[in-house]
Amino acid sequence: MAKKKLNVALIGYKFMGKAHSNAFRQAPAFFDLDAEPVMKVLVGRDAAGVKAAAEKMGWEGYATDYREVVSRPDIDLVDITTGNTSHAEIAIAAAKAGKHVFCEKPLAMSVAEASEMLRAVEEAGVKHCVNFNYRKLPAIQLAKRLIDEGAIGRVFHWRSVYLQDWIIDPEFPLVWRLQKEEAGSGALGDLAAHSIDLAHFLLGKIATVSGLLETFIKERPLATAMGGLQATASAQRGPVTVDDGALFLARFESGVIGTFEATRFAAGHRNGNILEINGSEGSLRFNLERMNELEFYSRRDPGHIQGFRDILVTEGGEHRWMGAWWPPGHIIGWEHTFTHQVADLVEAITRDKPATPDFRDGLQAQLVLDAVERSAQSGQWVAIE
Amino acid sequence: MAKKKLNVALIGYKFMGKAHSNAFRQAPAFFDLDAEPVMKVLVGRDAAGVKAAAEKMGWEGYATDYREVVSRPDIDLVDITTGNTSHAEIAIAAAKAGKHVFCEKPLAMSVAEASEMLRAVEEAGVKHCVNFNYRKLPAIQLAKRLIDEGAIGRVFHWRSVYLQDWIIDPEFPLVWRLQKEEAGSGALGDLAAHSIDLAHFLLGKIATVSGLLETFIKERPLATAMGGLQATASAQRGPVTVDDGALFLARFESGVIGTFEATRFAAGHRNGNILEINGSEGSLRFNLERMNELEFYSRRDPGHIQGFRDILVTEGGEHRWMGAWWPPGHIIGWEHTFTHQVADLVEAITRDKPATPDFRDGLQAQLVLDAVERSAQSGQWVAIE
Amino acid sequence: MAKKKLNVALIGYKFMGKAHSNAFRQAPAFFDLDAEPVMKVLVGRDAAGVKAAAEKMGWEGYATDYREVVSRPDIDLVDITTGNTSHAEIAIAAAKAGKHVFCEKPLAMSVAEASEMLRAVEEAGVKHCVNFNYRKLPAIQLAKRLIDEGAIGRVFHWRSVYLQDWIIDPEFPLVWRLQKEEAGSGALGDLAAHSIDLAHFLLGKIATVSGLLETFIKERPLATAMGGLQATASAQRGPVTVDDGALFLARFESGVIGTFEATRFAAGHRNGNILEINGSEGSLRFNLERMNELEFYSRRDPGHIQGFRDILVTEGGEHRWMGAWWPPGHIIGWEHTFTHQVADLVEAITRDKPATPDFRDGLQAQLVLDAVERSAQSGQWVAIE
Amino acid sequence: MAKKKLNVALIGYKFMGKAHSNAFRQAPAFFDLDAEPVMKVLVGRDAAGVKAAAEKMGWEGYATDYREVVSRPDIDLVDITTGNTSHAEIAIAAAKAGKHVFCEKPLAMSVAEASEMLRAVEEAGVKHCVNFNYRKLPAIQLAKRLIDEGAIGRVFHWRSVYLQDWIIDPEFPLVWRLQKEEAGSGALGDLAAHSIDLAHFLLGKIATVSGLLETFIKERPLATAMGGLQATASAQRGPVTVDDGALFLARFESGVIGTFEATRFAAGHRNGNILEINGSEGSLRFNLERMNELEFYSRRDPGHIQGFRDILVTEGGEHRWMGAWWPPGHIIGWEHTFTHQVADLVEAITRDKPATPDFRDGLQAQLVLDAVERSAQSGQWVAIE
């Protein structure tokens, strides 16, 4: 019997579009999905660019206007990987057209936008998912399992840093990610948003924050052509209007205390999404650059053999999603998190379950981002509503 | 203008078949290839199994007899991922039919077979490639570059281990990999073969060896159903006829001295293909379980800052193949080595260059495997012819 | 010609007394000192205890009243390792008696006390030294050198944690370190004080802080016998009056932004004094549990070989103090930092140079501790005076 | 009641003499010994040198002729740290004079010498100890305990390397360690001897070996002044007569198979005494440069949390000798192994127990060294008698 189809429209074809395309291509080849995602249409404003991308990445067709696409009756799922400024507009249009919506993070430019998006998808009764893809790491799933099983007991501390170094050079141009009107914020929304969502996923809600934002390089050469991470510097300069680094202290609803840091000025760290959790029975450590490993310390081990275990999370029978890939010890790469997310989302749609993480999670992260910004301005602790 | 097509037939659809399928699916989506590989036909003896696999993994069709397939005029490349015993037969048939041949390692069951295969492809004038896929790791390419540039100077030592642990349990059944008539040898041909090829690639030919082979568990339950790593034990037992562990000392033609070890009895190591090279100017270290990293020590650094550098080989502009994937710090997985190999092979075919590694390399590895076995039997050092 | 003598009185003989005794015993055996420290007298309130300790640890005599000792004409240097509450009293008495003063950290119970101590030693014109012993790590000296040489350029980030786990068990008794009137503060003064001093040493003054203090376990069994880390729990309980964990954000005078954390609730960390510094040209990392190593990343390395170097700081010719110990690769232990401090202090006294770190440094750390406490109470950022 | 005294004469005052002196100075200050070692006399041929060393390192007196010293009635223990050529002569003289004998490794220049030494001490009925100091590492003691408890089950593999890099420079002069008549052998006797003893201690006797010795740099400048590691090169050159690197395969009596490597040509390794043991239930790993850690993998852990644990062996209650030093997490240094050895030796003497390791262990190591040399010459496997 032929498998049900799930027709997908992807809006955006740059870095994130490439990662999402890969996920739709790979998910059915590795996972037993209830429906087959069909890569129907890729959408971008530049006709030549989107056409070439569609061919290379395996889309059946392409389009230049998302409005026409979201109303096409043959589309089931709209996936949004455009710049942050258009998330709300597209997601709301898709929801109103009755499409399921999958959206890149951060969900929105503001709490207000995120709230509106959530209302739209809930009113439409469609599935909604925000791509905090790091929940879909086998190591993070193991961390969640260990916390839920009580393996680290009562949690005392959260400690996360998200370290990158791609704009240390003061001559690196003023790309869209460094402009508030395009990006919303800097390291905070781009990087700390991931840490915040992981904290929510693993330890529950953050209650109050005290934050600090800093822009180390105040002016940069204008970029001659906007685009992903690649851009060329021009002779003119303009102001950097987002944070280069963001720090905050937090108290969680559960009583956990935590530190968060996100920066693009940590030389030597390309994508260092690093976290540690300490509890009464043990600790957990994770680093995205070694994403196939989770470190776990257990105070329940006999005293003479207590130590951080370095667990290679590649056992099919033990570690989520790994049975679909390769034998133990054969590591997976970064983009596999997107494939896991797509497999989960297809399951949510076909089995009518909530997708995870959803727009509620996206809004919750947005509330924290907003609180950090307000705290950094006021010098006060700010409570999350 | 439409891109040239390269029609592929893949023989075998289990573990290696899945990895090769993935490579043909992914290569054109990430690399700019001169020809587009077309996944024409998947071949396996079990019609139902191969049909399902072909659908899931994206092949246009399937077949149950490789003989018909290798003579099909629309096939350009025959890719062999069957058991070791059939490599020679299929490769020779494909070569005689004028097809390019891509073959899993170890190339053959014996030096004689490997020689015959090499003769066949050379006489046919087709491209030939053996899948020592670890040459296609960005970290290994960087190691090669550093050695060739003289960054570690005159090399003194090679030190490699390939450690796995999947058959430690004495009740693990007698799968085909533990039977000489199916597998040829045990850890030696399965694992040390990779180390030998990397040694050849990085340091040139091995000249003489002194080896030791050991089978720790002499008898095991028969497997009720043969298959990849999964199998069920039956009540009957049979003899293990291959080595569980293989050790050898080596002298290279260049004067380097080295140690090699391969075992399936190293608890805690799932796929520990680990090597270190020491030279007059520096050292290199690599571990497949952290395949996105290469460690490099340079005696040319000022004395107060000498130390092993841990290089994350994910910079598009610096590390081979990485420009095709993701931004720096976004790691790739094990199967990407196959994708790189396919991209290289397509280039060899379209630009009429030798593929690497080719059957000559496969034969060279076979000569060393053979010498190690003879040395282990005789207790003497054995020279590679 | 006989070497000049430097007669030492040590007040306190528990954990720190043992470490200081070791330093006076070892310094002359490994370093070429201008004067020979003579272990004259060990002082403690319990006659039997101090007598036994003096014999075992190599002191010529013992005494039970520090007042008599500080006025002895044959004493040149008074070393204070008693509880924090008596530092000021003893140090001021010693200074008034014209003795050089060496004092354990934290210098005092309050800013006021520390100021008074500083005034006393300055008025007396004696040498004064506070034992922030981690400045005397070869790895920290190398970090300082690299920063001063500009090897990491303009510094953006400081990130330190000091993690221990010895009081996680809620039944661990209420030892003096958990009582405000004895200890002054908890993890803050005991652990963060070290991080603060290292930050001052490496990056200059901290300007403003936003802090958070937490006591996870509010009540504990009373300790039947007070003493170092060993104590027995009684049936009665009392309130914990110091912080279990302390977090703060900081801005340095130089513009650096930083995070500090100190806790005794980080399972798996026995003495994890860990820090990282990121600058425009590179980064540095250090962990006290691997105190013979410093990690250094340089953006000045060619792109293909950039990575964190793990420098083993054991080269006599390259790394401070190491020439006095063993050949390269033969690591030193924790207590060697005290020996280095003693060697430095003897040199300061014999050559009439300022000791480092001195009471000014002790006061500066105290100012930050005080500001963190006030910030934690008020929920406001607090500037260091 | 005054403690019994144990009067010590130490022969030799260079690198090893310094380490032994330290051990005798430190042992009574940290351990509760039944007798107090008294540092009576230091012996060396150069009167001025030995006098200065005695004063600095804390010896009561000095002498220039060991013969007079070994016959002094007030000496209880003779400790030999001279060049390898004089071990036998001094040890036999000391034994004949009824003194206990402590001797540096390798015990002797040959099996014959070692046998004669063993006979002499046994006939004299004195305690005898060879300083394979790495047995006295807390981490190695933990490894022994885990093996003895069955925590790693039936052992399959031993894998050790001892890597140094101090003579890579071809202009490094021809010091005594590079001359067969002074040193006996090169990396083999200096470094592999340690690995062999650890293998014997942990896994029992080595039965047969196949070895390879190599001298990479055949000639070097003569050293103008002989001495420890420091020496100056002269214009004249002479032949290197020992091995630069030594490799061997081994079969143990127990059925374990192993690889051994020792070299002074491994750039980046200053003192890399590294080993790994794999058994049916788990594995152990150790590296001397991180000597306060032992890694342990247990197959008995639940599947989802199996991983190498990094155990910091600094818990007083758990890890041998550590209770005498500092609180957990405060690491010890290389020379502490000597202090532990002295504490053990004093106990053996005062309680009339065999010292460990003793001359029998020294001889056993010598038998393996000898077998490796013969195997390297003959190209055959050689059995240990």
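All chains are identified by letter, namely A, B, C and D, in their written order; residue positions are counted from 1 within each chain.
The criterion applied here is as follows: a contact is a pair of C-beta atoms (placed from the backbone, for glycine too) under 8 Å apart; a residue touches a chain by one contact, two chains touch by 3 or more.
Since the structure is predicted, the reported quantities are computational estimates derived from the model, not experimental observations.
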item: Identity of the chain that, by mean CA position, is farthest from chain D; value: A
item: Selected interface, A-D versus C-D, where C-beta contact pairs are more numerous; value: C-D
item: Chain centre separation (chain B, chain D; CA means) in Å; value: 42
item: Centroid spacing, where centroids are CA-atom means, of chain C and chain D in whole angstrom; value: 35
item: Separation of chain A from chain D, taking each centre as the mean of its C-alpha atoms, in whole Å; value: 54
item: Two or more partner chains touched - positions in chain B; value: 269, 306-308, 312, 315
item: List of chain B residues in touch with chain A within their complex; value: 15, 19, 21-22, 25-26, 28-29, 56-58, 164, 166, 228-229, 269-272, 288-292, 312, 314-315, 325-336
item: Chain C contact footprint on chain A (complex, rising order); value: 152, 156-157, 159, 161, 163, 165, 168, 210, 212, 214, 216, 244-245, 247-249, 251, 255, 257, 259, 261, 263, 265-269, 278-283, 297, 299, 306-308, 379-381
item: Of all residues in chain D, those that touch chain A in their complex; value: 142, 145-146, 151, 293, 295-296, 298, 301, 303-312, 315, 317-319
